[in-house]
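A, B, C and D label the chains in the order they appear, each numbered from 1.
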Amino acid sequence: MNLELPAILAQTALLLLLAPLLSGLIKNWKAKLQNRRGSRIWQPYFDLLKFLRKDMVISEHASWVFSVTPYVLFLTALSAGLMVPMVTAQAPMSLFGGALALVGLLALGRFFLALAGLDPASAFGGMGSSREMTISAIAEPAMMLAIFTVAITAGSTNLSQIVLASQGPGWKFLDPSHAMAFAAMFIVLLAETGRIPVDNPATHLELTMIHEAMLLEYSGRYLALIEWGVSIKQLVLMALLANIFFPVGLAADTTTAAFGLGLLFLVMKLIVLAGAVVWVETTNAKLRLFRVPDLLSAAFILATLALVSTFLFR
Amino acid sequence: MNLQPATLLVASLCGYGIGAVAGLLFMRRERLANALSFGVASLSALSGLLAALLFLSSGAGTPAPQFELLPSLIPSIKFTVRLDGLGAFFLLIVSMLGFALSIYSLGYAKGYFGRKNVGALGAFFNALLLATTLMFVADNIWLFLITWELMALTAYCLVSFEHEQPETRDAGVLYFIMSHIDAGCILLGFLLLYQASGDYSFASLHDIGAQMSPGKRDAAFLLFLLGFGIKAGIVPFHIWLPVAHPVAPSNVSALMSGVIIKTGIYGLTRVCFDFLGTPPLWWGVTVLTVGTISAVLGVLYALMEHDLKRLLAYHSIENIGIILMGLGAALIFLHTGHPLLATLGLIAGMYHTINHASFKGLLFLGAGAVLHATHTRNMEEMGGLVKRMPQTAFFFLVGAVAISALPPLNGFVSEWLTYQALLQGFGTTESLIRLIFPLSGAMLALTGALAAACFVKAFGITFLAQPRSEHARHAHEVAPSMRFGMAVLTVACVLLGLFPTAFIRLLDPLTQQLTGQQLSAQVSLADGLVLASLTEKAGTVSTLGIVLMFVCLLPIPFGLWLVFAQNSKTRRGLTWACGQPGLTPQMEYTATGFSKPIRMIFKALFRPRRDVQREYDFSPHFAKKLRFESHVEEVFVRRIYRPLRILILLVSRRIRALQAGSIHAYLLYIFVTLLLLLLFAL
Amino acid sequence: MNPPTSETGSQLITLLASLMLMMQLLLVVQRMLVTNIRIFALQSLLLAAIATVVGYVYGAWHVYAVAVLTLVGKVIFLPWLLERLVRRIKIEQEILPFVNMPASMLICGALTVLSYAVARPITSLERVGSNTLAVAIALLLTGFFLMINRRKAVTQVLALLTMENGVMLAAIALTTYGMPLVVEIGIFFDVVVAVMVLGILVFRIRETFASMDVSKLNELKW
Amino acid sequence: MLLTSILCVPFVVGLLCLFARPRGRVEFLNIAGFVSVLVLGVKLFKTVVANNGNAVTEWGEFLRADALSAWMVLLISVVSLATSLYAVGYFRRDLADAAVTERRFREFYVLTPLFATGMFLVVLANNLGVMWIAVEGTALSSVLLVALYNRKTSLEAAWKYVMLGGLGLVLALFGTIFTYAAAIGKTGAETMPSFNWSRLCGMAPQLDHHLMTLAFIFVMVGYGTKAGLAPMHTWLPDAHSEAPSPTSAMLSGVSLKIALYALLRFHILTTACLGSGFSRNLLLGFGLFSMLLAGPFILLQKNLKRMLAYSSLEHVGLICVAVGINAPLTVFGALLHMGYHALTKPVLFFAAGNVHQQFHTLDFRRLGGGLVRTMPVTALLLGLAAVAVSGLPPFGLFVSELTILVGGFTSHHVGVSVVILAALIAVFCGVLNKLARLLLGPGNGQYPRETISVSNVVAMSLPLGTLLLFTVWLPDSVRQLMEQAANIIRGMP
């Protein structure tokens, strides 16, 4: 039983604090690349604080589902984050669930968010829910296959076990199957975090918005909670991608030095990934909704190839 | 008092019998008939539930109670009943659901007062439960087949209960025809087994496959797969299911989807794991493939529905597919000689079976409550019910979360086990066939995600937003007994979700009987808090742990409120409607609209037919009226069943022309027959 | 115990039997109803003659009874009955049969050949005449054909009766002594009653349908 | 005197009915007569069983009853009794509706006992010639019953019935004579050979093989016509649908089986003589063909009683196939099936009679649906009987059909069994499709609610009750009787 309270607290704090920073970083870099000055990378913290202090307006048609959703979204993202190895190889809550539970928890959050989109009887919300559920549905098999590829190599679905296995003998750094799986996962990451070319996080145009459409009726502290939850989810997914495909620098023991090193590595990996995301977002245009499946099926094919090559090269 | 499982079982069976008779006797006094038949049914179900729990919890070593229900009156027909692990597990399912449904029905049947024969409803309901229960504990081919047919017969009567609607009559006919075909296949399968054993008792059939020639064994397997598969609603033999389940009274729909289609799973498990011996590889591969296809197609077609009960019926196909994936994997592992993994697959399948019974039962009851309140099954006419029937909405939501395989409820646990079985299967064989495991796993993921999408639609369109019709606007919460029935199943969903290790201990007698393994010790970590897949290393999950995490993390948002949001106020306001006054229900997203992206993505499969009619007033740019229709017809109906039906009718018509009324032709037939025979004898 | 005249008797019987077959062929080509009935009477008379010959040659007394019954029933009573019927319903001629005359003759020829082929292995069992059995089978088959080919109810009845003649011929040819008397009488009465019943039906059909064409009876189908 | 009295009672009843005056007395005479015949039949069955399967003979072996005959006697008497019970209510209503005249009414009550007498004689006569005469007698007595209503269609049906039946009987007579001839000279002395079945059976191996082969072909086609085996069955749906319902019940319930019985006697003889499966295979082939042919006709059927007639075709076919397979279980199952079917089919025809009297049509389309609403009692009984006739539990036909299938499988007639099952399923689908739409539905409000007489309900529920009783409880003695009968059919006395 590795339920060590300090580790849990530390990772919770890390998730809570790092997530807005990551969002800010991406926004800032994106602006820079687009020749804008952009907001400060700390801006998301201020946004959250402001949202928290604001009064709330809740639609008269909304029900308790609308009010429950922010909590669900926030808690699922946070719990999922506790299952992912971030600084240490042994994630604090990895016993409570691995990759499958993580996917399940994120799906639970999405489920409620989609319901909340429908709840206030607005046409936009329903549109967002419909699109969000569709895209996640077709992204899910690709994600699962990519995870399976890694899980099969490691013989476990437990994320810590996967990371630990990667530090053992017989682990090939970035073997072909992992490379393809990584590519698939990256596409899924773009879809899951609502990034261009799948979704545009900065738009409020009804024809294009997906994720934002569901949040349209939220305000005040609920919106804060949701924004925070969403950014935690983004952090979790990126950490997942970073750590299971590039399992270097994770703290294996409990010394402060190892922790520091681990944190450093994590931040570096996240910066690289964020850079990649920003690069993709800047160089691509948003796809039409019905072109998205093509992209995601490409991810699926990549993941399948990854799997087949696992079979071939072992 | 020392209660024995056998005694309780007999009490339960007698109870159903009494309930059926009571329903018939007091047909004229419907209140009495209702109270008596469903009341007795709930008590009987409770007794059956106790019997199953007592037996299952007594451990794997307990000998299965066996006794003659009735003296044998016709030679070779024995009414031997045996409560073994597998039977007891399914007895648990039928009794659990029976209990919840009977209580629910007490309120639901009131809707029929003065309109329909409630006594007959109660009688058939009891008879169906009796036949099903008896079928699960039958220990002899004859008793099995008799109860199997009786089950189909009583289920037919219940499906046709609201026979005033033509669609109900058609659905009943289709259902009964398909059940008769499946009974025929099963009968043939059993005859093949009997040929080898020469005895009707199930005990003599144990591992009989070893004594059969491979050809006969394969034939028997295919016949059973077909027969039980039709009953279970596997693709492409599922066409009756989305037709028959919705038209039945909702309590019956719940029973049909929850238990009756599971009889197919029961039969397949019984036959494949108990009778047919070590399977060849292709059996498992077939079952796994069939399961995968059923799961994906089931959920895809479910998404296209806006009839709430039809939607749920299609989900039954999906879930049967998921169950079969577990069983198919188990069969493959039996072939490759991995009994532990086989047991894991079996547990996954069985777990999903009871899970599906609980959440699908719950969802159908919820749909029944909605139907009761709004008098429509069309989701496009619902909406806003969460405010009018809050408890029903809550129960339905729990069911929706469970069926979408979301943690921490039970659907997640069984799908997790299925994933684990599939993933570990990859290492069991070196052949290319092992790719099937991760690929079906991916399809399972697709299924799960589509199911989530579908239930966002089902719950969102039905319960949330504004009412879309007068019916929905005047809906009201249903009777307490109905809510209690739903609550029972909700509790079951939650318990099965949170305490998987405890439940798997109940499966020990079953796995011991079928694969000779017991996994309860191996899958349980940290005093049962954590569920492991065989080893801790291979993967762990703890639904209870996740809930605990939620609880522990919940102070964070509340802490934030305390710190930052003390002075912020909440008020109600209008939903943003682009600045236009008056948000009308017509602006809401519809069920059809919700599923449109999926429909477009899988256009090749669905072949949606659109029919748009516009009426213009003066300008071609301003339509006065717009009528939009969209139909999706199943590919199997379009490509197989309809052509088949046309062909049969055509051939029949040709044959019929032989007998067109001319006595000369008739004489000629005899003449030709005689001549042929004479020539033959020459 | 065979009397010395058995050889002659046998020849006589063969002759009479072949005459019966000729009558049958005449029936096939003849379309006048009354003539048909008379041909049938003649055929029955030949049967009665055969029975008499057998009775005489083999000294089997009860075969005389058969002869008498045939004479009374089939030569006199039934033709009378049928003729009366035909006159009462005022129909004299058969309308076109399904198969025309030459083809009918061909078919009857083929059927006769078939009969001989069928009867070949068992000719040794014949007690009287030679190939009488083949004639009997031929009578049966051609009668059957006649029944199929004709549209009028009365002709169908006649055809049935000729088939019955064939059966009786077979009975005499195969068994020398005919069957036990009880059976003979029973069969005879059955036939008579059958024709009376048929007569009643024909009459009712004529009343209801204003026609005796049975090919118009095709309301009931499938 | 037992056999004689079984023959005499219905005969005398028939004659008395010619003269009995008030209608009530005629009805009473019929019922009383058949009740006493039933009692006698049970007595006969007990005697035969007590005799350990040995035949009871009277009049110097002229009348002979072995287990098979006793079983048939039971069937005839039960169905006749049910018919006479049902006929009371049926004809009273017909008379009230002026659908029949007083004369026709009497005709029915005279001819029915005679019809029954003929059938009793068929099964009790030892002499094959007499058996033929009796079969012809049943045909003649039933023709007038078929034509009772004197409608255009009933005349047509009667004509087809009598012509095809008569033709069949001529062929059967031919075969009978051949059988007789086959025995000549085989017993040594050149004397009159015995025409008794029991004697022929005793010397079967010495009979002339060629003649027996020919004989069986003629008998097969001849009695097969009368038994309604395809493709000689064409008269069957016509006659069954046009006859008054009580007569339809008799025709379908027992008359077909009586012809089959005659066929079986020859089958036993032929098998004993040839020692090969010749007759068996013929039975098998005709049976299978009948079963398969019934499906398409039922599927597209428009008329309730015709549908029931085709169902009879299927069941007769099944019995033939079961006998043709010739395994102990299948023959036992065939006999069981005969019994169960005889108890079921009349109920269906009675129900159809009720429907016809209510709506004056049997056309499914004109009837519409909703019988459960418009005629609840009839609908219930019709539904139950339909369940039974479809071979569903809890009724006995399920048991008998399954017994036959098990027998077929264990005697390596797997292919045949599969075809049987397929045919059964096809027919089931057709019947279900029609009856579900007839019985269920909102109903047609323009007709008055059904009035159903007590005798009617009794006549319909009594056979069903008996069926249910004998499904769950088959007394040992009955089983013994059937096993003995099965042994007779399989040529192992």
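We adopt the following convention: a residue touches a chain if its C-beta (ideal position, glycine included) is under 8 Å from a C-beta of that chain, and two chains touch if they have at least 3 such contacts.
Note that the structure is a prediction, hence the values are computed from the model and not measured.
Undergrad: When you average C-alpha coordinates per chain, which one falls nearest the overall C-alpha average? Tell me, please.
TA: Here the chain at the core of the arrangement is B.
Undergrad: Given the two chain pairs B-C and A-B, which is bridged by the higher number of C-beta pairs in contact?
TA: Most contacts of the two pairs: A-B.
Undergrad: Averaging over Cα atoms per chain, report the distance between chain B and chain C in Å.
TA: The mean C-alpha positions of chain B and chain C differ by 70 Å.
Undergrad: Where the centres are mean C-alpha positions, what is the separation of chain A from chain C, in Å?
TA: Chain centres of chain A and chain C, defined by C-alpha means, are spaced 100 Å apart.
Undergrad: Averaging only over C-alpha atoms, locate the centres of chain A and chain B and give their separation in whole Å.
TA: 35
Undergrad: Taking the mean of the CA coordinates per chain, how far is chain A from chain D in Å?
TA: Taking the average C-alpha coordinate of chain A and of chain D, the gap between them is 78 Å.
Undergrad: Provide the list of chain B residues touching at least two other chains, using ranges where the numbers run on.
TA: 656, 659, 663, 667, 670, 674, 678, 681
Undergrad: Tell me, which residues of chain C touch at least two other chains?
TA: 118, 144, 147, 214, 217-220, 222
Undergrad: Under the stated touch criterion, can you name all the chain pairs that qualify?
TA: Those chain pairs satisfying the definition are A-B, B-C, B-D, C-D.
Undergrad: Which residues of chain B touch chain C in their complex?
TA: Of all residues in chain B, those touching chain C are 656, 659-664, 667-668, 670-671, 674-675, 678-679, 681-682.
Undergrad: Would you pull the chain C residues touching chain B in the complex into a rising list?
TA: 98, 114, 117-118, 141, 144-145, 147-149, 151, 214-215, 217-222
Undergrad: Looking at the complex, which residues from chain A come into contact with chain B?
TA: These residues of chain A touch chain B: 1, 12, 16, 49, 52-65, 70-71, 74-75, 78-79, 82, 93-98, 100-101, 103-105, 107-108, 110-111, 114-115, 117-127, 129-131, 133-134, 136-145, 148-149, 151-152, 155-158, 161, 216-217, 220-221, 224-225, 289-290, 293, 300, 303-304, 307-308, 311.
Undergrad: Which chain D residues qualify as touching chain C in the complex?
TA: The touching residues are 127, 129-130, 132-133, 136-137, 140, 143-144, 147, 150, 152-153, 155-160, 162-163, 166-167, 170-171, 173-174, 177-178, 180-181, 184, 190, 192, 195, 208, 210-211, 214, 237-238, 241-242, 297, 300-302, 306.
Undergrad: Write out the stretch or stretches of chain D touching chain B in their complex.
TA: 159-160, 163-164, 167-168, 171, 213-214, 217-218, 220-221, 225, 231-232, 234-235, 237, 282, 293, 295-297, 299-300, 369, 372, 387, 392-394, 398-399, 402-403, 405-406, 409-410, 417-418, 421-422, 424-425, 428-429, 432-433, 436-437, 440-442, 471-474, 479
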